[in-house]
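By written order: A, B, C and D. Residues from 1 in each chain.
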Amino acid sequence: MLELAKYLEKQGLEYVVDSETASLLNLEMQNILEIEDFVQNIDLAVAIGGDGTMLQAAHLLVQYDVPLTGINLGRLGFLADIPADDIDAYLTPILQGDFFADRRVLLQSQTIRNGKCIDEAFAFNDVVVQKKNIAQLIELSTYIDDVFVHSHRSDGLIVATPTGSTAYALSGGGPILHPTLDALVLVPICPHNLSNRPIAVKGDSVVAINCLSPSRLTCDSTEGIELEPDDQVLIKKHEKSIQLIHPANHDQYYVLREKLNWSKELC
Amino acid sequence: MLELAKYLEKQGLEYVVDSETASLLNLEMQNILEIEDFVQNIDLAVAIGGDGTMLQAAHLLVQYDVPLTGINLGRLGFLADIPADDIDAYLTPILQGDFFADRRVLLQSQTIRNGKCIDEAFAFNDVVVQKKNIAQLIELSTYIDDVFVHSHRSDGLIVATPTGSTAYALSGGGPILHPTLDALVLVPICPHNLSNRPIAVKGDSVVAINCLSPSRLTCDSTEGIELEPDDQVLIKKHEKSIQLIHPANHDQYYVLREKLNWSKELC
Amino acid sequence: MLELAKYLEKQGLEYVVDSETASLLNLEMQNILEIEDFVQNIDLAVAIGGDGTMLQAAHLLVQYDVPLTGINLGRLGFLADIPADDIDAYLTPILQGDFFADRRVLLQSQTIRNGKCIDEAFAFNDVVVQKKNIAQLIELSTYIDDVFVHSHRSDGLIVATPTGSTAYALSGGGPILHPTLDALVLVPICPHNLSNRPIAVKGDSVVAINCLSPSRLTCDSTEGIELEPDDQVLIKKHEKSIQLIHPANHDQYYVLREKLNWSKELC
Amino acid sequence: MLELAKYLEKQGLEYVVDSETASLLNLEMQNILEIEDFVQNIDLAVAIGGDGTMLQAAHLLVQYDVPLTGINLGRLGFLADIPADDIDAYLTPILQGDFFADRRVLLQSQTIRNGKCIDEAFAFNDVVVQKKNIAQLIELSTYIDDVFVHSHRSDGLIVATPTGSTAYALSGGGPILHPTLDALVLVPICPHNLSNRPIAVKGDSVVAINCLSPSRLTCDSTEGIELEPDDQVLIKKHEKSIQLIHPANHDQYYVLREKLNWSKELC
């Protein structure tokens, strides 16, 4: 943080810090803004941490369409790809307008109970309906664009964006979706029926999940809400999206190779 | 139930009903025994229902080594394989001593906290350590016979018997273990590391799972207990086992073909 | 065939039979045309058989953009969905203009050796580069739109259309792509590196596979050609496509449920 | 090789070189023996290379029950685990009798055509019946101890030992079998029926594979023989086995962690 601050000052650039980060780091500065002011007064947000931090930041920024870039403190991230120890070399060209802009979609979920929307939530990675009572399978029915797909018993169902396809959905056996592919993927978690496989559909599909068992809704791995039998979760692409700013030479396949150890020979 | 009772009376055989089943079915009979008496006074237990009923019955019977046979009310079960509509044809030879005896192992789990065993449980299918907070991965370390195997982040880890290998473990990507194979299988649930694959080990192995995150222990899909960081779960074969009684022509592969639709051409 | 002929005659419709089918069935009719004439003189092609027959017919028809419908002699097909025993009920509305038109893309593959294209082929399902010497893994490098994706050792790589995603690619662990999704999917066959997972990319991507080992190219499971080290296979969507004609109430998810036994409870 | 020779001479130990290795390396020494003499005149064989070299050596040695140890020239192997750059530190204790002996089973396959055995082969990793015509699925029927298991359409079927469970079988989706588990695992390759999963059976099982399509038999990835419809391949544990000699602190799970990148965080 302090290095970034120093770098920005050296560049003669104005910057502000959001109050939450400031209090977390015990910063005493003048340019601290409450989140609401913060997101309305910046041209570019810089998240420092990892992909999780990027996701949190994206949730805050999406409404104001502020572009977001990320400095990773640890390993290369799928989203955060500026190394913390080389801010200067990576950030300077970006600030000069030489970057790769990468727009990522946002999912919105609406939970319908007795005909009323009781909850609305957003997700960059995934909306997941999963078991609540850890010991029992749940039963779900799925519809896409009002057409019945299947009823299935499983630990749950993941609906992921291309961004989310390399997160939980991948662990569940889903495919990798390239970020530019306008698609969603449905990945059943430990399905009882072994031929119940991931399905990729058009990005503008409306996915409806009807809960037949008590279950739980989570969005981007937040706690979410409890679902009751007969609740319906509607999932579709939100009209908003977030613009990620990467170094100009950003290469999605390089990131995949690094993060999935494709570059290393296994066995 | 009543058909079975009639059948047994016709055969001139004595039978008793456990009090739980009796109250569930509103039976008014003289030969109703409390569970404790019931299990000590029978030569053969007959469970009516499906594989779940068989598992529950097995938990009650295992201490007294009472053989168990099962009448399935619905589809053929992995464990319960006497069809309800043909009790006579299937049960008569069994009662005359013409049957296939199939001994299934029992797992015992011990949960160690601060050096003390705070919980002991039993399982015919599986002992599972899994996430408790539905939105977060857990981190576990695994040891087999005191040798470190791996630390991994996942939704949890299933330790299954051959009996359990066709239950939850199969949905999690595990192999089928033949009931006569003296082995346990460790199946990670949605592991973060994609090369983290199921491992089958000798049946007399001692598996230790060290919890690094709050998680939950379940045995045969019962609710189980909550685990805290630094708890250790020890899993090994119990000295007791249960004897299943099948019709003499029992064929494990036939059951697999039926239940996994191998006999049908998919796609 | 004869039933279809009778049906068409009763409707007062003209029809022709291609010479291959005619000689196969020992038909002696006047309205038999050589393939070349056949495909240029029809408004609708009707294939009788199964999905394999549909694929063969599609290869013949694609150049003239003749719509194709299929009568399945056996089970419901993914492509052929008019039951042979109910031609009248299904075909009559189609011929009256009440149908569901379903356009499927065609892949084209070009094999480049020493800078020259030595082979060109087409596929509705998949282009596959796979091992030739059955006992040895092959090594491939993959590029998408000229960007390096990965080198990998495996039994081969499948590049499938949405149509092909329910064929060989599904057996190899690939996802199901909805027919309306404009995408291709790359599915490695038994990859050595366990984190080498299926990738779905935009439909207008150009996939280049560089062979590092002797291998073999197959398109829609035809024999294909042998590839030498340093050969490059370029795969992209062809400008042509085929129009499948289904009954108006065609439901892709119904077909999936039927063919993948989703409607049945497994285990 | 030369370093090993120097080391052995320094230790005052006699050694011989097999003629194949000698001619491969253009060695001119006196202590070169033809393979037949070589295997009958040594107390310990040292293979230099990797796991492939170990497998080849094991095939030569098994009949004479000569123990085998391996120096790996590249990465750590599953079988060859003495690093080439530290022969002294690893080999000295072994030669002094301080080692871990690890007995690995050998499979034998017999191919029966018209009631006669037309081929006999051996495998430490796996016996594989797979497609011969690269474009077509094959159809196989499997029996275990004369009991029918399943007919299935696939690219083939792998029957692997615990040693082979980390080789081709792992790429095909099979489980890892601990080397001390007395078991075989059957792993279908890209099966058409998605619920056709790996099955682990007792080590003394007799597996019979009936070919319904032209196919090919390979043992430990050697070329093998062509199979015709109605050929039957019988696979069982051979009475011989091979003794691998590892450093005393050998740890199978360490090797797995290293080779499968378990020690690294993926994603």
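The rule is simple: a contact is a pair of C-beta atoms (placed from the backbone, for glycine too) under 8 Å apart; a residue touches a chain by one contact, two chains touch by 3 or more.
Since the model is a prediction, treat every value here as computed from it, not as a measurement.
Undergrad: Contact counts by the stated rule: is the higher one at A-B or B-D?
TA: The comparison resolves to B-D.
Undergrad: Can you tell me which chain lies farthest from subunit B, using the average of the Cα atoms as each chain's centre?
TA: Centre of mass proxy via C-alpha means gives C as farthest from subunit B.
Undergrad: Mind checking the centre-to-centre distance between subunit A and subunit B? Centres are C-alpha means, answer in whole Å.
TA: Between these chains, centre-to-centre, one finds 39 Å.
Undergrad: What whole-Å value do you get for the distance between subunit B and subunit D if each is reduced to the mean of its CA atoms?
TA: From the centre of subunit B to the centre of subunit D is 35 Å.
Undergrad: Residues touching two or more other chains, restricted to subunit A: which are they?
TA: As it turns out, subunit A has residues touching two or more other chains at 170-171, 192-195, 197, 260-261, 264-267.
Undergrad: Enumerate the contact residues on subunit D facing subunit A in the complex.
TA: Of all residues in subunit D, those touching subunit A are 75, 78, 166-167, 170-171, 193-195, 197, 259-261, 264-267.
Undergrad: Report the residues of subunit C in contact with subunit A in the complex, numbered from low to high.
TA: Counting only subunit C, the residues touching subunit A are 144, 147-150, 152-153, 170, 174-178, 180-183, 185, 192-202, 205, 251, 253, 256-257, 260-267.
Undergrad: Please name which positions on subunit A make contact with subunit B in the complex.
TA: The contact residues of subunit A facing subunit B are 130-136, 154-155, 168, 170-173, 189-192, 194-195, 216, 218, 221-224, 260-261, 266.
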